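Sharing a structure with you now.
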Amino acid sequence: MSTLHTVNKSPFGDGALKSCLEHCKPGDGVLLIEDGVYGALSGSTIAADVTARSADVAFYRLDGDSKARGLPADKLLGDVKAVGYDGFVDLVAEFDCTQSWL
Amino acid sequence: MSTLHTVNKSPFGDGALKSCLEHCKPGDGVLLIEDGVYGALSGSTIAADVTARSADVAFYRLDGDSKARGLPADKLLGDVKAVGYDGFVDLVAEFDCTQSWL
Amino acid sequence: MSDTKKFLYVNRKAPYGTIYALESLEVVLIAAAFDQDVSLAFLDDGVFQLTKGQDTDGIGVKNFSPTFRALGDYEVTKLYVEKESLDERGLEPSDLQEIMWEDEDDDWEEKPSIRIVSRSEMADIMSDQDVVLSF
Amino acid sequence: MSDTKKFLYVNRKAPYGTIYALESLEVVLIAAAFDQDVSLAFLDDGVFQLTKGQDTDGIGVKNFSPTFRALGDYEVTKLYVEKESLDERGLEPSDLQEIMWEDEDDDWEEKPSIRIVSRSEMADIMSDQDVVLSF
Amino acid sequence: MKFGIVVSEGPYTHQAADTAYHFAKAALDKGHTVPRVFFYHDGVNVSTNLSVPPQDERHIQKNWTALAQDNDIDLVVCIAAAQRRGILDENEAKRQGKDAANLAEGFRISGLGQLIEMGIEYDRMVMFGD
Amino acid sequence: MKFGIVVSEGPYTHQAADTAYHFAKAALDKGHTVPRVFFYHDGVNVSTNLSVPPQDERHIQKNWTALAQDNDIDLVVCIAAAQRRGILDENEAKRQGKDAANLAEGFRISGLGQLIEMGIEYDRMVMFGD
């Protein structure tokens, strides 16, 4: 069983991403959506936590949400792969279960 | 000029209380309301931050909100004084300005 | 696939400040009628939902915490509470209300529904579900 | 008391995920007509409101970031941005859009509206207001 | 003193509208005045007259309407925020070609200028939100 | 695959209803089915037919109604959540003695059992909220 976790809130004001990182399992995926895409910012206070899990968890971010917020690719962690809404659908299909960190 | 700061969110999932503590000035007041009353829990990860500001900032919590959440007085920081809605009104009148940390 | 799915209801929010805790409980009560394998997870601020001694008279909002004690009658008997979440908040298991269920396979013995688990056990529980609903 | 009050509009939330940033800006645009002393504070996730290059085509939501550049025409010229909030997010002042106003007392010279301040300066600004509205 | 109150979140979902109500009542009890309450963001949803909460729950809209009538409080709902969220008075409903209006008694729809006026004219402003 | 979608926050205030919409469209484009979308918590506010957003903004309710009609999606609004928040269909309005109903075309009001059914019958469930 593998799970796709979605996180939709900024990790700087809210604990959802941090809690997700502490609960996801090797082989799981974490998809950053909406304000969650700020979690992909390199050089931020959350970047080390994300990078630390990148070895055994796959990270994704919605590209539309990243562009809406003016986050250029060179400011974002390379380990966090950009996907569109179609990629989001593929990820939900690919993983056995989806858990939203609301 | 003195300010009454109100904080209405739990400090464990949200950064409002922490940001408030970093921005309030000596002589200000901080009133914990709604889910903000959890910020008065002693023995918690936020307690030291609250205690550190208790020397120059006055802390209050809404008593109705504390009781609603089942927080007994002996679990709460003594530095955080219980007030009712009437005490809330007095505090707003007493301080020159009110700032809500929404 | 068997006819029964594993449903996990994840509670990460405190009660009363927002309605999610109450409306989550409303879902669980309905879900109980569907004969699925139901578990509830309480972590982060969700552990605050289970504190004992809640008294909402002062805020004019309905106290729904007694409803948790009725869950056993609905055969909802697995309430997982994360220990680290309690610790971070200065709470102990004894600060939570007692919630019991009667085990019909064990001469109707009363057993506690709240099971304190570690963060790592919570992660295992989360990963072992068919459907995860978050509130 | 003078006829003019000091109003501070505090922005602590990111744009688009929630509507607060947009509806805060709508208040400021109306407020500009009232001849008060208006300042805007951007701290915590509020600094994200001012990033340059926002392009919302992919999410089907209106991009309101160009409106910040019109604030100068409304004589809203004090946009305080907290340096520590930028640092924590891995942002630099150059990641924010350029927002200018024309100083009529200085031969209409163009001056930047965004003023980067320290956390301690932000605390001073907050404490020196008559009315603080939070979004 | 004159207290201005702002409610920024919707009823039942957030406690904001409840706390604001208890605060307003306490202020009035202490002899202060609350000339106006401004409903913004999802706060506009407090003003729907179609809410039917469970019998054993408080009725947030009716509480506000009663408090306003007893104490001459001006309950103002922001027009821009209300239109987005589907709160209309009779006039707006007609103007927009809608069959129904849902603004409760005691509330009126107006512009954001009413909020700024509060800040200028009142002694204190208190915001309740999320 | 059969995808079940839950929308837990209100329109415009949170992006949830938008993201859910784009996700549903993408799923359908890829040949999956979205038999039902369930609106819970403030998500029920998506279904009001009284929303009048600015002309240059998306119309979230109309987008959902159109998507549902084109793809035979069952848009279900939770009755308990809807009643608290003032969303009523014609029947409920009559039963509650209200003059107006505000449930938009393409949506229907039903119970929480519809949500559990989705979890049981569909291959995947995705929640959008706050």
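Think of it as A, B, C, D, E and F in the order they're written, each chain with its own count starting at 1.
Criterion: a contact is a pair of C-beta atoms (placed from the backbone, for glycine too) under 8 Å apart; a residue touches a chain by one contact, two chains touch by 3 or more.
From a predicted model like this one, the values you see are computed outputs, not experimental measurements.
Engineer: Starting from the defined contact criterion, work out which chains touch subunit D and subunit F both, please.
Structural biologist: A, E
Engineer: With centres defined as the mean of C-alpha atoms, identify the chain lying farthest from subunit C.
Structural biologist: Farthest by centroid: D.
Engineer: Going by average Cα coordinates, which chain is farthest removed from subunit E?
Structural biologist: Most remote chain from subunit E, centroid-wise, comes out as A.
Engineer: Per the centroid of Cα atoms for each chain, what is the distance between subunit B and subunit E, given in Å?
Structural biologist: Distance between chain centres, rounded to whole Å: 26 Å.
Engineer: Could you work out how far the Cα centre of subunit C sits from that of subunit D, in whole Å?
Structural biologist: 43
Engineer: At what distance in angstrom does the C-alpha mean of subunit F lie from that of subunit C?
Structural biologist: Chain centres of subunit C and subunit F, defined by C-alpha means, are spaced 27 Å apart.
Engineer: Using the touch definition from the top, which residues of subunit A touch two or more other chains?
Structural biologist: Residues 8-9, 12-13, 15-16, 34-35, 64, 84, 97-98, 100, 102.
Engineer: List, in ascending order, every residue of subunit D touching at least 2 other chains.
Structural biologist: 12, 16-20, 44, 59, 61, 130-132, 134
Engineer: For subunit F, give me the residues that contact two or more of the other chains.
Structural biologist: 12-13, 15, 19, 22, 41, 57, 80, 125, 127, 129-130
Engineer: How would one label the connectivity among the chains shown: line, ring, star, complete, or other?
Structural biologist: other
Engineer: Hey, which chains are touching each other here?
Structural biologist: Pairs satisfying the touch definition: A-B, A-C, A-D, A-F, B-C, B-D, B-E, C-E, C-F, D-E, D-F, E-F.
Engineer: In their complex, what parts of subunit D are in touch with subunit B?
Structural biologist: Interface residues on subunit D, with respect to subunit B: 10, 12, 20, 43-44, 119, 122-124, 126-132, 134-135.
Engineer: Quick check on the complex: what are the subunit F residues that touch subunit E?
Structural biologist: Going by the criterion above, the answer is residues 10-13, 41-42, 45, 48-54, 57, 80, 83-88, 92-93, 96, 98-102.
Engineer: Show which residues of subunit E lie in contact with subunit D when the two form their complex.
Structural biologist: Spelled out, the residues of subunit E in touch with subunit D are 6, 40-41, 80-81, 111-113, 115-117, 119-120, 125, 127, 129.
Engineer: What part of subunit E is in contact with subunit C in the complex they form?
Structural biologist: That would be residues 12-15, 18-19, 22, 56-58, 130 of subunit E.
Engineer: For the complex, which residues does subunit B have touching subunit E?
Structural biologist: 6, 8-9, 33-35, 62, 64, 84-86, 88-90, 92-93, 97-98, 100, 102
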